[in-house]
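Here the structure is laid out as structure tokens; the discussion comes afterwards.
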Amino acid sequence: MVIKMVHIVPEIIKESVTNHIKNGERTDGRAFDEYRDIIVEPGVVGKAEGSARVKIGNTQIMIGAKPQLGTPFNDTPTLGVLMTNTELLPMAAPNFEAGPPDENSVELSRVTDRCIREGQVVDLEKLCVVQGEKVWMVFLDLHVLDYDGNLIDAAVLGSVAALMNTKIPTTKLEGDEIVLDYDNMIPLPINEKALMCTFAKIGGELLIDPSLEEEEIMGARLSIGMAEDGSICAMQIGGAESMTKEEILKAISIAKIKTAELRTYLP
Amino acid sequence: MVIKMVHIVPEIIKESVTNHIKNGERTDGRAFDEYRDIIVEPGVVGKAEGSARVKIGNTQIMIGAKPQLGTPFNDTPTLGVLMTNTELLPMAAPNFEAGPPDENSVELSRVTDRCIREGQVVDLEKLCVVQGEKVWMVFLDLHVLDYDGNLIDAAVLGSVAALMNTKIPTTKLEGDEIVLDYDNMIPLPINEKALMCTFAKIGGELLIDPSLEEEEIMGARLSIGMAEDGSICAMQIGGAESMTKEEILKAISIAKIKTAELRTYLP
Amino acid sequence: MVIKMVHIVPEIIKESVTNHIKNGERTDGRAFDEYRDIIVEPGVVGKAEGSARVKIGNTQIMIGAKPQLGTPFNDTPTLGVLMTNTELLPMAAPNFEAGPPDENSVELSRVTDRCIREGQVVDLEKLCVVQGEKVWMVFLDLHVLDYDGNLIDAAVLGSVAALMNTKIPTTKLEGDEIVLDYDNMIPLPINEKALMCTFAKIGGELLIDPSLEEEEIMGARLSIGMAEDGSICAMQIGGAESMTKEEILKAISIAKIKTAELRTYLP
Amino acid sequence: MNIIITNNNLSTGTETSARANNRAFDELRNLKIEAGVLERADGSAYLEMGGNKVLAAVYGPRELFVRRLMQPNKAVLRCKYNMAPFSVDDRKRPGPDRRSVEISKLTSEALTPAVFLEKFPRSTIDVYIEVLEAEGGTRCAGITAASVALADAGIPMKDMVVACAAGKSDGNVVLDLSEIEDKEGEADLPIALMPRTGEITLIQMDGHLTEDEFKKAMDLAIDGRMKINEQQKTAIKNRYGD
Amino acid sequence: MNIIITNNNLSTGTETSARANNRAFDELRNLKIEAGVLERADGSAYLEMGGNKVLAAVYGPRELFVRRLMQPNKAVLRCKYNMAPFSVDDRKRPGPDRRSVEISKLTSEALTPAVFLEKFPRSTIDVYIEVLEAEGGTRCAGITAASVALADAGIPMKDMVVACAAGKSDGNVVLDLSEIEDKEGEADLPIALMPRTGEITLIQMDGHLTEDEFKKAMDLAIDGRMKINEQQKTAIKNRYGD
Amino acid sequence: MNIIITNNNLSTGTETSARANNRAFDELRNLKIEAGVLERADGSAYLEMGGNKVLAAVYGPRELFVRRLMQPNKAVLRCKYNMAPFSVDDRKRPGPDRRSVEISKLTSEALTPAVFLEKFPRSTIDVYIEVLEAEGGTRCAGITAASVALADAGIPMKDMVVACAAGKSDGNVVLDLSEIEDKEGEADLPIALMPRTGEITLIQMDGHLTEDEFKKAMDLAIDGRMKINEQQKTAIKNRYGD
């Protein structure tokens, strides 16, 4: 995916949206700490061992999980592997173009991957089959279908839903042979439901779940990944402006409430 | 290969050529069902185990076949493998550019490959050495040197000639060893001589073997692959216009005669 | 690396520099057979098993050598392997761009590689661990940091320095096992210190060690690789003009003296 | 280390002798089309046909930035057909392969005759097809869906384009081959046509058919077109009302 | 054929319980910065921090040839972060990977708030960071060095940008994690900020921190900024005199 | 599973002590050149030298679309040297590799001094060389053929360019090394020159030669140039008559 042309927002629109926000109003009428409508549909793709479709407002991502046996990394011989890939499809926005992942899709993949890995969503130790030789690798493919802002929260929410929905065959070691019993599929071992909550800073205010219109004028973006106990497992700032320490601490306290709320959409 | 610039044919030339054809005349004086001069020269490259140079009019392709031992595909463990690759060389036309295969060369490779594979030109079962482990893979490389229209018919004709010309070493299994006897080379096992005949639709008429001039103004292109018994093994439509059922059936009956004619150029 | 824009030197500057040279003067005051200041610093990167930083005038290259066990080439089963790669970094010049190696960096890699390989700088036979199966491969990475002309001489000089500085573990064969003893590191076996001396032809004169200013106006470039006994191991002409036989023979006799001089900068 | 797979649910070759679900030889699989399923795209459609799930989106007519593709007297219609990595049993590596490059070219040629491109000189109409789940016949499913997405985008067309494969499976000439029928069958013949006139905009074949079998297969596809076209029209009607 | 490695010099995990060289929890590793080390670049800086060796170079403001990136009212600040193949224990394949693509983006965003880009509409400022040797914290080292290179190039800035990681290692919240502390530690929190105002231009985290630990780590990084900034200023002073 | 190859026809190293076919040390292999062998190209030539089969084609002078390569006061001469996958014993993967990139650059530099490029400012002359079969010395064969193709295209030239390798094989300095002499020999010295003046436009060397041996090899190549040039002229004469 290559972004074809920087979308330049006219100054007059930028000012008008910013002024609304300074007056406490978002153009779509939401409160600053209010998500758009959320839909999570697990199990939508029959050929994927795990899948989910997630919508936050008009943003829509399809996520598929495909486990396969592979070799563990040298420095983690007893752990399964999670591989995250994102396609910002050219159908998702008029300025997305087909091509290899650009910096935006790479960042989305890596932020999602970190939140899920550091949040220990999947118990990777249980995915080890033969130490140093064979482990389950789970390929998580994020297919972005419709882009209307806040891809990060949708990506993480949908990924966790897809992983919760994923099944692998019962795997046994018999002598020198690995027996994969596809007649007895078991769910992936899920430890934790770490999720992310994203803030946009516009006109000095912090809003959660920015729409595309808001993203295009936001100064900075802050995404916070949280485990169920409210501890922090990932964080990522983005955008051309800075944030203060106080803003970050405020965002953390809001994220605690909102990730818990997001978690209710999981099955 | 990347086509550098769409060649736009002036409307006036387009009209003039079309009018000629409506009057039953081609600019080079051929009948509608007449091929240009055809030359097939097998064995032109000493280092290739099989090769042929084919000319249809000024269109010229050099084809090399190189067999090597490899692993069969998972779903066909007892079959040898045919791999077809096309290079539309920048020397072949002023608007071809060096680069990875574009959609035109990919289509040419795939159409050629399908005609030869589905027409069962090579007896792939005889290319199996050890089931599921080692089979002969034949790399067929199409090197397009001069482009004056109708690459498909030339590609298939030359490929069949090159395969008929290909030799592999006698291959024996002795215990746990594969013995390749290069002192006793044998021809590839050839089953069938499936060939293709291509039609251009211009001004409502069907012409075979379109020249470049005709290709540039044709509305639709239809290629029909036929086995020696007149059965159909491949078909491919191309171009920006449509064809009727009647035109397709008429083309099939002409192709039956013309592929038999083409077959006489094979050694 | 892709060169973004051909740097066009104004005719007036070209003429002025050329006239100076015709009068026996270089713009930086050097004699025609005089190198700029040379600095060779071996061992500058702790994580590389061998390294060197080389400066010739303002041209600056960092070279790292990393040995690893690998498979020998089919046609040289008893020889270790040397792999040379060059990055013309975008920081090195305003018209260098990030990207895969272009023809200039490929040529630099290949000339350096040939001089070192044909000059038999490293005793590749001693890098064989198990014939046909395991040999030491040395990856030589040339990181061009600052480009002010004459990359070839700097690249070869720095590469030889880095190789002389390279250590590999003592390698023993015990039964079916290869034991790598990192507690006893030994230097790479060095046979020879082959170096290169490069000439620019400007206004009919031959100058050694051309600066960037001189390279931009030179007609032809000649690089001569020489072993310690004055025999020739590599040669490469470049540029848009020709040279005479007499010029080449004269350059060889100068190169004999100057490569000996360069050799004194090696540790 | 060997890997042993036990799986009693795998379908075996013998089961294909009758069509799955007792389908008649000229019967289509279940077909469902919905128009206007995406927000950003100018037009879009979602299609299920048997186990296939396909999404099509259209952008344009819009400015064409690639000058070398520009046509002075009409728009170009470009198509990208892509399979999601999770749409097939063994994960597909992302990005185009030779198969998808060829299908993209053919799809664009299959749709082109139906669109009034000459109304939009120097511009482009971009069609994107995403296969979300594949079960035999995705190129036809993509063309059928793309045609609805073009209509949803308000692109002026002579007719919609309908696509369906006929073929030969287990000795019989049948319509709309499923994945297993395609894989184990003797011939596959995808056809795209404009239902009103019956003009054919795509035909491909691989396998082995006599001239008579070919005619029969072609007729099956031609006769099946109206049912598919009904669903296309319904999808547009449901989106915009009558 | 097995390969056995004997190496008594390898550090073991148990050695991390105390910080190497008895560093205090809020103590930076040795830091050395030199400005103006390259001839061709408009500005440059070389930085050593612990075992890290990083080179930064700046070209610009200059004409931007990629029209689709152009901003009508300001310059764009582009960054390429790259690791030399010989900078790490196992040779890194040349060219960008996903990690370096992400770090390049973040570095450009970390530097952008400090630069008066609006002074140079339609142009570009290009920052190149080369990691010559890596020992934990190279993204922060690169940002700190790049800031000096921008100053050396005479680019007008509100403030320099200083970067440093805090984190949790062996149960303790500490400043400026070394490679081994990062690898075996519980959390890594790289932060970039403008020292004068304390505004944060980059924050990333991975690992596991309670809210309190997070606050403590963030404060460590904020408090450590001045020491780094002193070195930056010294580098510029040494280059140009007072 | 081991693979055993039996092949009594393989040449062995000891056979090189005498040159194949009793060639004298200063004797060229069989050489055959034909001009005007392609229809579309502006100029073309086919050359056989020993077992080498090489095709060269020229397009231009024509418009140069890559603005960054454009020269305001002359044409650029670009060259692409390529080996067909079937031209060598082990199939070569299609597309450029480092060897062909270097040879392309050198070939373009070897031809450039002979062409009156200043007659065609801002344009390009494109030379394409295809090695159809390789048997030692393809870069020289390509240059010799390309020169005929340039003449066939009517490009104004000072002189043709002739190329041939000398070298050292089995202890002797010899002209025009065959594949086996090159592979098992001690040195290879490809030279391109303009026959009229003897000016050298390409020289490369690898191997090991004393200064005296180098001189001898260079003289062999220089002396051999006229025979090759005769063939070039004959090819053009045969094409266009006297």
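Labels for the chains are A, B, C, D, E and F, by order of writing; each one numbers its residues from 1.
Quick note on the criterion: a residue touches a chain if its C-beta (ideal position, glycine included) is under 8 Å from a C-beta of that chain, and two chains touch if they have at least 3 such contacts.
These figures come from a predicted structure and were not determined experimentally.
J.: Go through the assembly and pull out the chains touching subunit A as well as subunit C.
T.: Shared contacts of subunit A and subunit C: E.
J.: Find out how few touching-chain steps suffice to connect subunit C with subunit F.
T.: 1
J.: What's the chain with its C-alpha centre farthest out from subunit D?
T.: Most distant chain from subunit D: C.
J.: So what's the Cα centroid distance for subunit B and subunit C, whole Å?
T.: Whole-Å distance between the two chain centres: 48.
J.: Could you give the separation in Å between the centres of subunit B and subunit E, each centre being the mean of its C-alpha atoms?
T.: Subunit B and subunit E have C-alpha centres separated by 57 Å.
J.: Taking the mean of the CA coordinates per chain, how far is subunit B from subunit F in Å?
T.: 31
J.: Considering subunit B alone, which of its residues make contact with at least two other chains?
T.: Only 4 qualify.
J.: What parts of subunit F, by residue number, touch at least two of the other chains?
T.: none
J.: Head round the ring from subunit A, going the subunit E way, and note every chain as it comes up.
T.: Traced from subunit A through subunit E, the chains around the ring are A, E, C, F, B, D.
J.: Would you mind writing out the residues of subunit C in touch with subunit F in their complex?
T.: Going by the criterion above, the answer is residues 3-6, 8, 101, 103-104, 106-107, 109-110, 114, 117-118, 222, 227, 230-245, 248-249, 252-253, 256.
J.: Within the complex, which stretch of subunit B touches subunit F?
T.: So the residues of subunit B touching subunit F come out as 4, 44-48, 51, 58, 60, 62, 64-66, 68-69, 85, 87, 89-94, 98, 100, 130, 133-134, 139, 141, 143, 145-148, 169, 174, 176-183.
J.: Enumerate the contact residues on subunit D facing subunit B in the complex.
T.: Against subunit B, subunit D makes touches at 68-72, 98-99, 101-102, 104-106, 109, 112-113, 189, 193-194, 198-211, 214-215, 218, 222.
J.: Write out the stretch or stretches of subunit E touching subunit C in their complex.
T.: Interface residues on the subunit E side: 1-9, 38-41, 44, 51, 53, 55, 57, 59, 62, 65, 80, 82, 84-91, 94-96, 126, 128, 130, 132-135.
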